[in-house]
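Here the chain labels run A, B, C and D in written order, and each chain numbers its own residues starting at 1.
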Amino acid sequence: MYEGKLNWLLERLHPDLFRGVALESIVYSGRTQFQEVSIVDTPSFGRLLLLDGKTQSSELDEFVYHEALVHPALVAHPHPVSVFIGGGGEGATAREALRHRTVQNVTMIDIDQEVVELCRKYFPEFSRGVFENPRFDFRVADARRFLEEEERLYDVIILDLTDPVEEGPSVFLYTKEFYELLRNRLTREGIVVTQAGPATLLNYQEVFSPVFRTFKEVFPVVRAYTVPMLSFGFTWGFVMGSLGRDPAAMEASEVDRILEARGVQEELRFYDGIQHIGLFSLPRYLRIRLESETRVVTQAHPTFLF
Amino acid sequence: MYEGKLNWLLERLHPDLFRGVALESIVYSGRTQFQEVSIVDTPSFGRLLLLDGKTQSSELDEFVYHEALVHPALVAHPHPVSVFIGGGGEGATAREALRHRTVQNVTMIDIDQEVVELCRKYFPEFSRGVFENPRFDFRVADARRFLEEEERLYDVIILDLTDPVEEGPSVFLYTKEFYELLRNRLTREGIVVTQAGPATLLNYQEVFSPVFRTFKEVFPVVRAYTVPMLSFGFTWGFVMGSLGRDPAAMEASEVDRILEARGVQEELRFYDGIQHIGLFSLPRYLRIRLESETRVVTQAHPTFLF
Amino acid sequence: MYEGKLNWLLERLHPDLFRGVALESIVYSGRTQFQEVSIVDTPSFGRLLLLDGKTQSSELDEFVYHEALVHPALVAHPHPVSVFIGGGGEGATAREALRHRTVQNVTMIDIDQEVVELCRKYFPEFSRGVFENPRFDFRVADARRFLEEEERLYDVIILDLTDPVEEGPSVFLYTKEFYELLRNRLTREGIVVTQAGPATLLNYQEVFSPVFRTFKEVFPVVRAYTVPMLSFGFTWGFVMGSLGRDPAAMEASEVDRILEARGVQEELRFYDGIQHIGLFSLPRYLRIRLESETRVVTQAHPTFLF
Amino acid sequence: MYEGKLNWLLERLHPDLFRGVALESIVYSGRTQFQEVSIVDTPSFGRLLLLDGKTQSSELDEFVYHEALVHPALVAHPHPVSVFIGGGGEGATAREALRHRTVQNVTMIDIDQEVVELCRKYFPEFSRGVFENPRFDFRVADARRFLEEEERLYDVIILDLTDPVEEGPSVFLYTKEFYELLRNRLTREGIVVTQAGPATLLNYQEVFSPVFRTFKEVFPVVRAYTVPMLSFGFTWGFVMGSLGRDPAAMEASEVDRILEARGVQEELRFYDGIQHIGLFSLPRYLRIRLESETRVVTQAHPTFLF
């Protein structure tokens, strides 16, 4: 008789687009000092984390996002020992970075301790083993202030930040000024990678292409790559800036060799040499539009995602 | 920053109409032998019960529905002693009937024991005190078969059934044949009242007007009345058939006198003499359309609600 | 195979409630100087007018709203000759007032000429004959300023305004100060009636009860009444203030006699003597809550509808 | 005041997933002999075509789908002269195939003439110049019957069919029996490519992986590839079977050389040598799951998409 679904999570993906995901239960709903947090169980995506009404991670495909964010940069660095993570409160970014045997310390700075604790409680698999790992150092702080004050250098810096929405806490972490600070915190062949918002025809120009253009002001080698993220509703963009190696010039076999040497290969579900090539093989229109972007994001002229 | 609501209960009210109610939590979701049961908490309606995806009751306004269903019939009977309730698993219909001091026994027959138990557990206020009341007799059975087999007579018969949806269990409880059976189970001045589906311009003709017309085949006095039910999304219709008194001929003061004499008056929130008058004062178009209805519902020609 | 509906009008009725109405076509969509206007065709409600995203009228049940707004006040006045309408751009309020033979002039003041013109074009039945009627005088103006400047008196004043939403144009037309101005524009047995927002358990206290309380500061006789409005998604409230007669003291037969004497009776679909009684027969809880309301709405302390 | 959107296209993407796309206007809505057709204008995707409530094409990204469907197969064939298209009523698949100078005839068989005509009228850019092209031959017929009866051979066969939904017309065009028929209609180095449904973690196993497995029963070289399709709500899968060349063994530079030699290169927006490599670089989990699929789709055991 009745075959419908009653309970739904509705998420506004864009001013002209929303999505309904069938709900199984509402696990947690509350406000931290910084943001609204929602944790829900769904039959399609498993458990979902939303901050300020936007999906951040799902059990179904968090591995895609976190592997895509972390491994290309780590693989492109010849010998990554120290890693900095800005944001990343779920712990999954650190989890991926710590897989590389070469890595001796991962410093993670997230501003919202409550989110970190909620994730440890409700998504234990995301950070499995991370917080007990002696190579891992987590501090609650503002990532920019921390980097300004501590003059330590890193081999790889990974920005796993919330999107730069208006009045949101991350807006100034998507600017030329911040990227210049990051460059000054890199070792000689250092690499910075950031998530850079959606990368579809509808919205690549909101964050992805301006961040790409802005990186080009700061880093000698800049590469953009994308991955379809079902739970985000969009293909997602990443931008990498390197003082050393060009990740797009690596061959699949070399990537696989490096992963194997660092003991990572068997544990990955999404990323390997073939997928490394796939990540950097963008559609023609997107390559053209990224190259023709002219906007440099600065504190005076920030960019916002819907 | 984020002011939206994420979690929603979506209910199809009509092929061309649906409704979203913000969700606080999903309290229960399962299937009994007969139907899908959903119990959810909402900020607007409080706790809600849905059967097969349709709202049956809400904490906010169940009192409106149950008072409107029960009291006009009981008040129109000069001395109601025995009451029969078909359906009514939530216990609230019995709760209202038992308020009348004259009533010595209320027999309730519901087919779905699981729903009765779920309601006792999750909506204790609906049936507060009812199941412990020595004047109350509940049995799990098919209401029609029970009435066919037990030849006992009742002063008032109240049908608190689910709507007659296609392939649903209640279809044949909205037919002339069933109403004839009911008439044979009434005492001399007996009264039958049934919920009769939505009564709006959009859908009064699905159940309300055919049931009204069908009652006229069976009972000498037939009256229709309506009440707006926010949680149902529609104004709701009721039809009463009487072997004795005409409820629409009563004055407000008389209704209040009866309620007072039976010790009911102070406990009611919705119904009293003034509201009795209001219930039976239908809009002109509805009176005309009810009177011009020609369809008699029979087992051979049942009627269905979307 | 496919039995769903694809195109929907989604309307937020309340922070915790929205509604989907199947769409047939989008007839018009634009902005006037004052508001967003949307006109759509739907299978369930016929053509719909929305201002700022809120349903104002539908072909299906506009007659219910407009008859309920106009006739009780006109009937309660012994001999209404001059009528003032504030708002009412659709023309249907004037259409109803002009039905009464006694009425010699109807002055309508609406601030948004474009809405008036859009309604004449897209809802010709709403104002059928009105704009050509020599007894009808329409001016584009701010209703309050017009009444402040023109010292003419009226037998009946009808406020058919948009709801007092924050920053909306109507907020100060729901205040004690404005009602005092209206009282000063009434003839000796004059009557004012206003639409007063939704009247359900969920939201009666947003506008309905404070307006009722505020009227009591200004008029010797004050009555509230309600009518379920399917296309609005809520039962709707109205408040009447009278310098003369009490509409709630009239009998159905007298109402019918007046309607007949003024040549109105045969043309009405919703309202007549019986329905007059029904309108003023409020549920017990609503009468109690209206009487216990303490908030007087003033310019310094306005009230807002979601 | 009001910043929302009122009119939305709601599409069920999956039992547990739906999507709302803001609507500008409903251009066309009707039924052909075979299916429901909806054509709507949207601010995000431009004009959209839906069949049986499922998005088939949008102005925004049809070029992605059609370039991805057509060019890899044509490029992998050393000298494609004759092309067969099953389905493809929008004309865009033929448009892409006809770009290759080597192609002397494109035969397109679609069962639904009305859809073809609606697309020519409402999406003129989709088939710009195609129907006037002397190298193009369109016939209204059942693709399977046509191929059974006409024994002509083709260099490339492209299946641009609707998804195999239950009781839909395309179910038997996704079976081993049909693919065997296709193999018998290929020239010596012939290639077949089919759209193969969504390819996400949520639903790759509904059509994509079984079709891949089934192709392996029939063709010596079989390759799967995917492309994110925003307007479809999913990353989309394609399966190619070749009697000659392996498309995944080609280098980017060779692809570009072929495109240039055939006069195609400058006209493409999505596809080129780099993107060719990207298309065939699947995520690790997907390669593993495709290889471990065991279901062969036959007429006796068809597969269905939700």
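In this section, contacts are C-beta pairs under 8 Å (C-beta built on N, C-alpha and C of every residue); 3 or more make two chains touch, one makes a residue touch a chain.
In this text the structure is predicted, and so the values were computed from the model without any measurement.
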Going from subunit B to subunit D via touching chains takes a minimum number of steps equal to 2
If you tally the C-beta contacts, which comes out ahead, B-C or C-D?
B-C
If you average the CA atoms of subunit A and of subunit C, how far apart do the two points sit, in angstrom?
54
Rounded to the nearest Å, the gap separating the Cα centres of subunit C and subunit D is 55
Interchain centroid distance [CA atoms averaged], subunit B/subunit C, Å
32
Show the residues in subunit A shared as contacts by 2 or more other chains, in ascending order.
5, 8, 20
Pairwise, the chains that touch are A-B, A-D, B-C, C-D
Complex interface listing, subunit D residues touching subunit C:
1-2, 4-12, 20, 23-26, 29, 35-36, 38, 40, 50, 52-53, 165-168
What residues on subunit D touch subunit A, complex-wise?
5, 8, 14-22, 42-45, 60-61, 64, 200-202, 228, 230, 233-235, 268-272, 274-275, 277-279, 281-285, 287
